[in-house]
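Take a look at the structures below.
The same chain A turns up in both complexes below, where it pairs with chain B and then with chain C.
So, the complex of A and B:
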């Protein structure tokens, strides 16, 4: 990983190091495995958030269907794990051994064709990336080539999320229905349910997350990122300058989909199941709000947004289940009305200048000094 | 899929499913009318529209309970009172929301979507806290129950016919207001060119507020009608919001006729398919068809030519 002053400017470097310190050291050392696993679950949404920063914050394309890609990634992983868990030896009490239990309950006697490739681990890994990429490409190509954008795109992606949920719930024999794919045990022979495995999975996830952050930062800094911003501000001018607006939009949408899918696959591994309740309209729009709270223009903000909102959700809904929806609703409205750039905007406008003044008047403090308070870093 | 039915059976099925579709059509039209007016005029995506509808449903339910306790002799006609109350309640809430929330976001249509989604969460939880999480149903007066036996095999429920008549009446009223009243002229002027409308002396802010209130009020009436065909729960509105948006987009935003045509085709397709396939597959196929058509023709069935 190359970190030079060009790739990250100073405050971004501080943000990067702060996040790395928090995720690699502070949280694993201070939390027990149950809480750490919760953090891992929250972080899977950070993948979606990073994708949304690219596609919504930079590209101006609001997708309300990111849950679909999260789900596609998650289901691809879950199908592989489920097939491994339902070996002939494990399922010999079924009327058809060797197929997943929910298929047996739904009177299926053989494995459907689209499940068969998922016997192989490499194929499953490739599918996690390729299936959402192709799906998002089809949607993106169909819409952006015809210059559908803005609100219409948001509504249609939302409809696709609705279709996806209804389809998964309706086709119980093929997808596990409303319960989803449960009872997942091993990944390529390695038990994912032990505490030790959860630690390892957490670190794998954090490494992947930083990979995605670097990739997103790379996209942002290249000419491509500049064109995305230009497109968001003045689409026609970019088009008249000779760029193919549609292709850039498709790229941003596909990149967001792939990030979401990686998050979904990690979600399946961390939580041990996948169900349609992470695919539909409500989770998709919640993913957007994590990004909005963190700051739609900030890659690190998206990670902080996913962590903080989910943390608030868990702690509030544990103690005051009624208050949570009021709080979430108020959060939506407040973020949109008062803080369109989210926490990272507040940080950049109010906290950063003070720190800069402090640094200018005193000797520079170590970077970790103001990280411990848990505020988001730009 | 047609194999097991004789020809006359098929006719009866189509007629009855067609009528069931017409009730769905009524709810779609009433919901979509308000949404289309708001979306067409202000470009605002009101995700809380379903909750305005549910407010109307709860108002109807409360009216029905109150009338039963206080003035039982009024019960046969309570529905008309309930509808007016529902219109006023939803309209007033709409006006408040426009003043507090929407008017700050006219320049950012995607953000209205998020803010009104937040509003819908708050309203849902408010309904849950006030009315309880259980679904409630209203008691219908006697004359609305039962059905009309059209032929031996065709039965048409009376409450369905009532909802239909209501929808037609309201559609005509809305069309009258929009196309013949001076206020409607102002609304249409703002839709076509906001800046010029302001320049010739139309108070666009006021027009916006009343339009939003009208749209929400119609949603309240939709909720009133909805109580006759289904039970009301805090989250019932959310089930309809995506469908209704598709109705609006499919019909072509800001086109009243398009909205009605698309509500008709979507509800008929869905209810006819529902008989032959499972409910979920019928819905999937309907929605997929709409999405596919929208990809080919993004401006919808009947697009209004507007200078942007």
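So, the complex of A and C:
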């Protein structure tokens, strides 16, 4: 295995520490709980972004359907929370007490079979990972074994996102329809709506996020990561070298799906509901945009992209309720046109060299060390 | 302006400066109330697919706030509003609702339109103890201390209309149509129960739903032509209406001969459908722009003066206009901005200046209001055909209809 002698090279380490400092110290100390909860919401998209960096940035597989996996994770969590909130005591006003309110409105009289396992918290947690993994494996196996890739794959994932939305909206007795699953209250008896709970959830989420960052970095540095990059550049050569290209692609796609699902589950906890508006084509494309703005080659870039774009979205819409969408659109176009590698590209091309020069002029040191250490030219 | 023609309002005692109660007395929970100002929130979609529907509500709320300020404000305080955009996106609604309550400490929020957006913000209002004035006719099955529902709930809108069409048109068979989400489904459920259990010898001959935004209605129109129902009962929302009514017309169904009763098409939607495509259809709701009463005759010109001659005023726009007024009257009854006191004082508050005539808040936080049937004319307006003699009681959890 070709693994760098160090897990992070120097600039990555700086990036890692800066992000850790920001998320663990600066933001919790400087923001009130309302804004911190918003940051927590933004960060749920960072999970999707990290997955997209692996699968799109490194593996070259553009998925326009990550909302599906975000939604699957979110719905698995929401189903558990909803069942807990729909105790017989809470729902005694309904014709059938003990089932979620939207089922009662849709004349269901008993809990559908696929909801029953979600009474159990461990099952729900496992489902959050396993359901999207299996689903993405099926899609991946069906596509990549047949050598469907590139634009075709992107279009198919987009179609799946559309189908998923229609399915959820159409089966409202089972899924809550367009309203989604709302009014979630407790997690295993613990009220998730209090300020205290929001702080704890925020830190849980940040820890999970760093877990995903480390996992993604690990994948990147192993032979697997190298093969992903090789595949992106010269798929045929990799195939002729005897590797099963399809299996590597399936793996990258599944990993991205699982990351997205963790983000979705955290989203449900942070925001308190889940609805089909995170599953469809538009949110899926938005998730790709966050990654593009942050820089699809950089794991940290994806996190920054999700944070900054969502922050811009909130603050623009607060200041200019009627015009903000135009501003946001202009921002995307500007970033993508002027800086195809996103924010991390700007950093790597313009900021990093200056810092290096500054450091170098202060403390002369052979530049060769950086080159050998630096990320491979991608 | 409308003030002169709102006699009930101008007769209310106007607090002079000496009468203005101290802020510490009327605001014990830290809301955004100063000696001269009180902050309320406006939370609707002004971007995205719902913007076309919700803009009217925003305009009506701003008009009401301006009129209230011109008449001396609330407890001697001018209303200042903070507007947020829900962007037709339910989580955004929840986020902005939280911002308005937690950050801005709004004393009340006028907002939401779709059921989905209300469901998304409801836990926020209950958790942070805010007050929401919700303007849309909706499916019922909900009641909250923190919400005043200024539109009709389903039974108010449905039962009187069905009774009317049964009596005056002798209708016996009904074909139910709807967009596929909670409001049309619940409404049709109530309609079906009423038709089957309460109307003599009546039956439902078909019931179908279409995805939101659907534009293909030809197959159901063919079925309608085969089954020949006495009444087409249509709860199709938004842009789908344009396709539905055009395709009906193209299929040769003449609405002057075939009775069609809708509860989802207001003057706003006719703007998009085109009056000539829907002329002859009946709508059952509580307000039409053409209502002939003194309040409405002042309201319509005031609205047009502020927002342009071409604007039309639909049922929901009028209900949105009620929000700030009802809140003002409730605050003055409670002599406090505190949410708990406003919620407790709400039942029994009456607004005699309502463009629809007269409304009163029920114990269950919905409004007593009259139900009206109008017939669409080619010029895009409804002509009033029938109105209930008395105010209809709101019943969000109707026994026997669930």
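The criterion applied here is as follows: the second predicted complex is superposed on the first by the 349 of 378 C-alpha atoms of A that agree within 3 Å, B and C clash if a C-alpha of one lies under 4 Å from a C-alpha of the other, contacts with A are read in each partner's own complex, and residues count from 1 in each chain.
Here is the rule we use: a contact is a pair of C-beta atoms (placed from the backbone, for glycine too) under 8 Å apart; a residue touches a chain by one contact, two chains touch by 3 or more.
Bear in mind that the values here come from a model prediction, so they are computed numbers and not experimental data.
S.K.: What is the contact status of A:166 with respect to chain B (first) and chain C (second): first, second, both, or neither?
M.R.: After superposing on A, A:166 lies in contact with both chain B and chain C.
S.K.: Of the partners chain B and chain C, which touch A:322 in the superposed model: first, second, both, neither?
M.R.: both
S.K.: Which partner chains sit in contact with A:272 here, chain B, chain C, both or neither? Use first/second/both/neither.
M.R.: second
S.K.: Look at A:25 in the shared chain and tell me whether it touches chain B only, chain C only, both, or neither; answer first, second, both or neither.
M.R.: neither
S.K.: Name the contact category of A:106: first (chain B only), second (chain C only), both, or neither.
M.R.: second
S.K.: Go through chain A and flag every residue that touches chain B in one model and chain C in the other.
M.R.: In the superposed arrangement, which is not itself an observed complex, chain A uses residues 166, 169-170, 322, 325 for both chain B and chain C.
S.K.: Mind pulling up the chain B residues that touch chain A in the complex?
M.R.: 43, 45, 101, 104-105, 108-111, 113-115, 117-122, 124-126, 128-129, 238, 242, 245-246, 249, 278, 280-281, 283-284, 287-288, 290-291, 294-296, 298
S.K.: Across the complex, what residues on chain C touch chain A?
M.R.: So the residues of chain C touching chain A come out as 46-47, 83-85, 87, 89-92, 94-96, 98-99, 102-103, 115-116, 119-120, 122-123, 127, 139, 141, 180-182, 185-186, 189, 211-212, 397, 402.
S.K.: List the residues on chain A that touch chain C in their complex, please.
M.R.: So the residues of chain A in touch with chain C come to 32, 34, 37-38, 41, 93, 95, 101-102, 105-107, 166, 169-170, 172, 177-180, 182-185, 193, 271-273, 275, 277-278, 314, 317-318, 321-322, 324-325.
S.K.: Inside the complex, what are the residues of chain A that reach chain B?
M.R.: It comes out as residues 62, 64, 142-143, 146-148, 150-152, 154-156, 158-160, 162-163, 166-167, 169-170, 281-282, 285, 288-289, 292, 322, 325-326, 328-333, 335-337, 340.
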